[in-house]
Structures are given as C-alpha cells and as structure tokens.
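Input: structures, listed below.
The two complexes that follow have chain A in common; it is paired with chain B in the first and with chain C in the second.
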Partner chain A sequence: MTVATAQPGGRPARPRPSLAVPIGLLAFVAVTWASASEQFGIGLEVGDLIADIGRGAEIIADLFNPDWEFLPQTVGPMVETFQMAVLASVLGCAVALLVAFLASRVTAPNAPVFLAARTVLSVVRAIPDILYALVFVAAAGIGPLAGIAALTFFNIGVVAKLLSETVDGVDTGPIEAARAAGGNRLQTVRWSVLPQVLPNYVAYSLYTFELNIRASTVIGIVGAGGIGYLLQTQYRFFAWERVSVIIIELFVFVFLIELLSIWLRRRLV
Partner chain B sequence: MIRFENASVTYPGGVHALRDLTLEIPDGQMMVIVGLSGAGKSTLIRAINGLVPLSEGDVTIDGVSVRRANPRQLRQLRSKIGMIFQTFNLVKRTTVLNNVLMGRLHSTGTLRSLLGWYRAEDVEVAMQALERVGIVEKAYVRAANLSGGQQQRVGIARALAQQPKIILADEPVASLDPPTSHVVMRDLQRINRELKITTIVNLHFLDLAKVYGERIIGLRQGELVYDGTAAEADENVFRDIYGRSLTADDLMGEAAAAPATL
Partner chain C sequence: MSALAAGSRPARPSRAKRNLALLGAAVVVALCALTVDLDPGEILRLPVGVGLVFYEMFLREGPEWSYFPEALGYMLESLQIAWLGTVLGAIISLPLGFFGAKNVSSGLVSNVMRQVLNAIRAFPEVVLAIAIMIPIAGLGPVAGMLALGLHSVGTLGKLTAEVIEGIDPGPVEAARATGARPLQVQRWGVLPQVLPEIVAFWLYRFEINIRASAILGVVGAGGIGFVLQQAISFNRHERAGMIILVVIGATIVVDTISGWIRRRIIEGAEAKVSGELVEPELADVTA
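So, the complex of A and B:
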C-alpha cells in the first residue's frame, strides 16, 4: 500500500466531534441523579430497603409455604381468567390486524387515514389497562365481561402498534408486483404483505395472550373477574400461603404459554 | 400497440428521468432497452403500466391512455401487462403457486382472493404457466427454497398467469449468473415468439441485448439516442449510448453466450 505518499487532498479531514453525545450523556446522568436525590427527587435510600426487610420476612416465609389445599378453589377463577384471555386476545388481535395495516405508511390508503390510525392507536395505548377495567366495570358491572372489554382494548393497542411497525419494514418488491399484476389494495395487502408478517402476527398474539393472563391479576383487583378477584380477596385477608398458590399457578401458566409460543414461532418462521 | 407521445417524467427533486419521449412499439415485438444506470430504463418500463406517473405527454396502449385512466381502469390495463423484476419480487415465505396466483388477482373477486379461494380455472392457468417455464414440480415449495434462476422463472410464470398481451422485464437477469441469464432470456424469447406477447426488456449487458433484441433502443439521461435493429447496433452505436468507450464490464462474456452452452 502506498498510503504514506497520498496525493494532496486525498484524505478527508477528520470531522469535528459532535457535542450531542457528551451533552446527552450529561443530561442523562443529571436526570438520574436528580430523580434519586432527596432535594429534587424521591430521596432514594437503598439502606432503608435493607433495614426494613425483616418486617417482610413473615410474609415471605408464608409465600414460601403455599397452602395446596386451596388449589381446588382456584381452578374456577383460573379457568375464567383463561377464557377471558382467549376471548380478549381473539377479539383484540382481529381488530388489531385491520388497524395495523391502516397505521403503516406502506399499506395505508392515504395520509389522513394513516395519521388518524396512528393517533387513535397512541390514545388507546396511553390509557393503562387498569383504567379500562375501571371504566368497563362501571359500565358493565363487576364480572368477566368488563375484564374482556378492558383486555381487548389493551390488546388492540399492543398488537396493532407492533404489527404496524413490522409492516413498515416489509419487502416492498412483492407489493409492486401485485400492483403491476392489476391487484387492488386489499388483494395486495393479503398476498404481498400478510404472508411476510404472519409469523410476527402470531408471535405478537401469543405475547398479548400471555400479557392478558398476567394483566388479569391487576384488573381482577378492580372487579373485572377472573383470578385477580380471588387474589385480591386472599391478600386482603393476609392469606399469603394462598396468594402463593395463585402466584405459582400463574407462573406455570405463563411459562407454558411461552413454550407454546416458541414452538409455534419456530414452525412458522 | 404501445405509444409514447412526448412523454416526460420528472421526479420530485427535479431529476428528469424521461425527456420528451416519442416511441411506438408494435404488437409482438421483442424490444430491448439499453443505457447506463440512471438513464431512465426503469422509468420507461414503469410508465407503460403506470407504476410511475408521467409528468407530461402520454402513453397509450391500444389507444387507451395510461395517464388518464382512473384507478379501476388502470388495474384493467395492468391486468394485460405482466411484469418481471430484477430482484424477482416474490413473497419468499409462501409457495410458488401462491406467488404465481398473484397473476390471477385481477380476475378474482376481492372476497374470494382474501380467503385464498381461487377458482379451479385460475389455479389451472397458474399451473400451465409454471409448466411453460418448466418448474411445475416446485408448485408447493416455498419460494425461498428456490435458486435465483428458479425464482426468476416463477416471476415469469406469475407474469404469464396474467395471460398478458405485454410483458415488461426490468433487468431480469441482473441478479443471475451468465448461464442462468441465458436460460431466462431464452424463456422470454420463446414466450415472445410462441405467444406473440410484446416483450420489453431492460438490459445492461450489450451482448445480451444484441443476441435477444429484435429491436434495440438506447437511452441517455432520459433521452432516446438510438432506435434500430440489433444487427445495426455496433460498437459505435453503444459508445454513443453510453457516452464513453466500452469495457469488459459492459459485456456478459463470450463463454456464456457461446452456442455450445445454449
């Protein structure tokens, strides 16, 4: 190589280092510090957590000593939670499939529809699941119906967001091919885009199903049915041995769904 | 017949991809377009099926204006024009047959096609198209599992499944090795001759253009700079089209083109 004898003007001058990185880093450290500080933030004292851990020892001991006699009583609510999650996932993911195509620049029919879909999705996702549950419990009364409605909205938000971003990244070649062949918009989406995103869609749907099982504990607390309602009554009575049973069940359940999800994805991709 | 009448395409940003092009392509012709990258070859081809809208002038197909067509009429026009792409543009995750059936979308109702419930006649047309390019045995194989040459033949089958009057091929062999390129070009030539389908092909290898082109047109910076037979297109003509002297990179190579491998 003859790099040493480079022609004049051959090598470019090294660009000036950008100030954005150090400034950003500094801001990041400052915000973190301020959040923890007593003066500006929440006054984080790791010592307190350790000092008081003894108080929780009794509860933790009970949690490690599950009352398996309680198990039969959990079956009914657990099945209800499962059914709520199934229905909410099917409904939510079906709606999300349509919304996702409207919320991607690649498949939206025009800019106003795209912007409207994105805006609606942002609003749907900004509302936490527990707020949906509160609203639907107020509207439909205590019980699984409110829970299904709450979880459905939650699912639409999650799946449509993830799927629309996946659609943004598809190979646009087949879309051009379908248009060139005289296909209309729906046909193009069905045959050029859907096959490309289908494995992702299945994965996202299983993921929300899993989230629904977990979320049902929280929304059950406000009266939206399922295992959460039972969980709430048990911890209100400080029956930690029973709470423990429910937690272990949920863990096993979520774990099994995870395994199923991995297996299905491997078959699809 | 395809007619360009003072057709111009200016892309947003001011690039003149096509300048005041007037051209007639009679039915059944095999026409090759040559020119450097950015000369407007792809734009010319996409102006025919309206994938690229014209800025001025018009393109008509059998007297029907592409520019004035409404979306429905445009789909109607496109249904008679098959298109083949440099990167094949197949949906790799689905089967060969599903890809070829995209050529039948125009004759399939929306609901039917959403459900994937193609009519038996349409499946038959797709199968025949696969037979014509000699890979019908791959019908139920995923497109991703095919070699490049096989994928391009699926691309050709998809175009044939439209039962088109015109086939547009945008650099159909640019992603293929020389022997496979000749196989694909011969497929196109055979289809042109046997089915009398007007075939318009972009190529950047000049030797391929001379072998397979019945007529050659040259584009330079969006302008038509040559229009003649393949026999008349000698080195001077190509030098003129390219605006520089020719190099080995402009040719696919003697070995592959030799009749022995055909």
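So, the complex of A and C:
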C-alpha cells in the first residue's frame, strides 16, 4: 500500500522522533549531575581524585608485598567459608525447591498460596545478603551459624525465583497425562514436573554455590564467620601485607570453584 | 535384541555414574556438617534469637519513626553511590566489550580482554573498596562508587561482549560495502543492534549495585550500611528496624521502576503486560 504512494527512488518518510529518548537522556544527565554534586550528592571532585591517586600508592605497594608467613593462619577461616557455602547451598536449595512449586501458577495448590508465596519471595529477594547477615549476627552472635543462616535465605530468594519461572514454562502434556492416570497433586509434581525442571534446578544450585563463595567474604565482614571476618580484622589494623595474602587466596579459590562449577554444569546439564 | 522376551521392558540405563556423583556430593556435605564449628544448642536457640531481634526491631516500640528522615538521607547516598558506580562501569565497559567480542576484534585481543574482565569480576566490591579505592580516595562515598564502578566494568564488559558476539552480521557487511571506516562500521553496523539490550543490562546492574552498596558502608565507603551496622552493634534494634524498612522499601521501588524501563526498552511500548525479565547474568547458567 505504501509502495504505491512512495515516489520512485524516493526515501520512505522518517519515523516520527520519539520523545522517550531525549527525556531519558535529560533524566540521566540530571540524576548523574545531582548524585555527583557537592550540594545534593556525594561530592565527587574528579580533580581531587586524580591528585589523590598518589596517596594510595604506598598502601597499594604494601599489597604487592604479601606476608606469606600469614598463610597458615588463613587456612582455618578459608575452610570455614567453604563449609558455610556448602551447607547454606544445600539448605537453601532444598527449601527453594518447595517454595518454587508453591510460587508457580502451574503447580500451586490454590490462588492464595500462590500469591502468598510470590509476595514472600519478592520480600526475601529485596533484602541484601549483608542485611540478613547483620540480623543473624545480632540474633546468634559472631560465628559461622549467622553466616549459614544469612546465605540460606539469600539462596532461597535466588533459586526459588528462577525455578518457579522455569516451572511456569514446563510442557503441560505430562501433567495432563499424570492427572489422567489418577495421580494426585504431589504425584503429578513428582513425576511430570520435577523431571522437566531437574537439569535447571541443578544448574541454579551450582550457580548459587558459586555466588555463596563470593558472598561469604562479604557477609564475613560483619561478623558472620569465615575468611571475611579475618579480612575485616586485618583491615582494621591496617595490616595490608596480610590483607594482600587473603585477597590473593580468595582470588585463586573463587577461580578454582568457578572452573569446577563450569565443568560440573557441562557434565550434568 | 533377540534375548528380549516379547512385551518385556528394555534394560534400565546404568545409573552408576549418577549415583557415584550423588554419593560424592553427600559425602562432602556430611563432612562439612560434621566439621563446621557449630554446637547444636546454638542452632536450636537461633529461631528464638531471631524472633527476639525481630520483636525488638518492629514490635516492642515499633521501628524508630523519628529516625526515618535520616535513614532516608543515608539510603539516598547509597542510591547515588550505586547510580554513579553504574554510570562509571557502563562508560568504561562499553568500549572494552567491543574489544572482548571475537567477531569485531581479533581472537587474541578478545581472549586477553575476556581474561582481564574475568579477573576484575573475581573480586567482590567490598574487597576492591578495602584494597584499592579507600587507600586512593579515602573513607567516604567516592571510594564506594569507584569500587562499584570497577566491579561493574567486569560484569558489564563480559555481558556486552557476549551480546555483540550474537549480532546479525548483515548490517556490518552492508556498512563495509558502503565504504565505512572501521569505527563507522561499529557505530552504524553494530551499536544499533546491541544498544537496547546493553542499556537494559546497565539498569539491571544498577539494581544489583543498590544491594551491593549496603556492604560498602560497613567498611567506611559511604551509604546506609554504616548506620545499620552502628545501630545493630549498639543494640539500637528499633533504629535498625527503621533502617531495614527503608532499605526494603527503596529497593522494591527502584526495582519496579527500573524493571518497567527495562521491559519498555527490550519489548517496546506495546508490551505492557508481560512476565518478569530473565536476569542477564543467568543466561550462561541456563544455556
């Protein structure tokens, strides 16, 4: 139709410019300027920053001079970090399996349960891991228990959300088949939904395990055990040569776990 | 085949490997559970402890409402740190992403760039803040912003490179055929294809950085984490309750707005009703 009205060899009319792009750009510049300004924001001075780069040089030089004699003292906390990550992954993924089925339209027993599960999930996910850690440290004191509990909640949020979305997308054929064969709700989920989502579940679980190894450093800083707690104590005393040992160790550890996880995912999924 | 009786089932595939893997995992978990430094009494007391803390935070006298304006101020600082960190990460990661994509840079350059990005990603924000940014910028929100920015370079650069590797080569060829110089090819052949998805990643990263900025305050790099930790370590639980409400509220509000914009960018104005977006960092998990 439009072909008939177009001039031979002429260009098609330019689409009307959308207002969304200029408004978006304007909003972006305004928010960025306000955030960086002294008056409304964090007071970012690029000039000062460049002048300051030299100031950190001494500390960073210390970081490149790790005190390897400190290494044996880091082994215990590192093992504790690993233990925390393993236990929290197992607990979190186990609970998430149940929650995910309640939070998917396909498998939820009724609408109220579905809505309740969804709401709980979105609140659980809005809370940063560090906040869980602070609350559990307040409740249980400094140590790995607070860390395991905090990571468990964090994992439930991640895995349950991903898995419930996967469950939403399953093929409904096997569900119908199971119902037709007289399966009750639990049997239907067990034999027609679970087998479909199991590979994804395993992948998500491995992914959260990786996340946990990283997150356990972060939450350790507020007293939830593991290597993060050691990092925080050394940082408090400005023992940069020791901080350096911990950081290098963490880097290697995270890297190895990632390799292992990638290898496992390829094999299993 | 001939050994199979008519109507009998085929032989079960071997499960030895799977069982071995499960056994291995079970052994690791059991070892961890047995050797971790916990006593059972402590575990049993945990629910009571959490209940008590929850009671003190929200129920005994209610959260400390008079602290609301101050908490909001600190939360605003956290949001600003997250925003500026994301902007910094986005600006730096965009060109690095082009270098990291095999189809627009050379094989060697892209490999080196990917390894650099992986190395950056391996350090959590808080470690970057402690080890590099606080020594340089001093205690305060600027250090936090730089730490978030650097970490975001790692994640955004990787995602950008992956998106670029998935482009349709047609427009690139067309741009070349019209005599475009290499930079023009990137500008007109590649960028328009990838920009919507990359902008959506930036917004998603902003959402993540808001959560990550909570920890920065604890080590002195600005934002709401600092007052939250103070409130908890001085047993001002009703104040901590107020701060927690502010964090949760602000996070949900920003997530909702950002999620809406992301959907608009990816799906266009027509798609008003739709499910939640898949988080980009999980693309490689599920693929």
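In this section, the second predicted complex is superposed on the first by the 218 of 269 C-alpha atoms of A that agree within 3 Å, B and C clash if a C-alpha of one lies under 4 Å from a C-alpha of the other, contacts with A are read in each partner's own complex, and residues count from 1 in each chain.
Convention: a residue touches a chain if its C-beta (ideal position, glycine included) is under 8 Å from a C-beta of that chain, and two chains touch if they have at least 3 such contacts.
All values derive from a computational prediction rather than experimental measurement.
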Exercise. State whether A:P109 touches chain B only (first), chain C only (second), both chains, or neither.
Key: neither
Exercise. Mind working out whether A:R179 is in touch with chain B, chain C, both or neither, as first, second, both or neither?
Key: first
Exercise. Go through the superposed model and pick first if A:P22 touches only chain B, second if only chain C, both, or neither.
Key: neither
Quiz item: Can A:V86 be said to touch chain B (first), chain C (second), both, or neither?
Solution: second
Quiz prompt | Contacts of A:G41 with chain B and chain C, given as first, second, both or neither | solution = second
Quiz item: Looking at the overlay, does A:I221 come into contact with chain B only (first), chain C only (second), both, or neither?
Solution: second
Quiz prompt | Comparing the two partners chain B and chain C, which touches a greater set of residues in chain A | solution = C
Quiz item: What part of chain A is shared between its chain B contacts and its chain C contacts?
Solution: none
Quiz item: Which residues, counting only chain A, touch chain C once they are in their complex?
Solution: 20, 31-32, 34-36, 41-44, 49, 52-53, 55-56, 58-60, 63, 80, 82-84, 86-87, 90, 122-123, 126-131, 134-140, 143-145, 148-149, 162, 165, 168, 200, 203-204, 206-207, 214-215, 217-218, 221-222, 225, 231-232, 235, 243-244, 247, 250-251, 254-255, 258, 265, 268
Quiz item: For chain B, which residues count as touching chain A in their complex?
Solution: 49, 51, 75-79, 81-83, 85, 87-94, 98, 101-103, 105-106, 108, 110, 113-114, 116, 155, 158-159, 162, 168
Exercise. Could you please specify the touching residues of chain C with respect to chain A in the complex?
Key: 21, 28-29, 32-33, 35-38, 42-43, 45-46, 49-50, 52-53, 77, 79-81, 83-84, 87, 119, 122-127, 130-132, 135-138, 140-142, 145, 211-212, 214-215, 218-219, 222, 225, 228-229, 232, 237, 240, 244, 247-248, 251-252, 255, 264, 275-276, 278, 282, 285-286
Quiz item: Which bits of chain A are touching chain B when the two form their complex?
Solution: 171, 173-174, 176-184, 186-187, 190-192, 195-196, 198-199
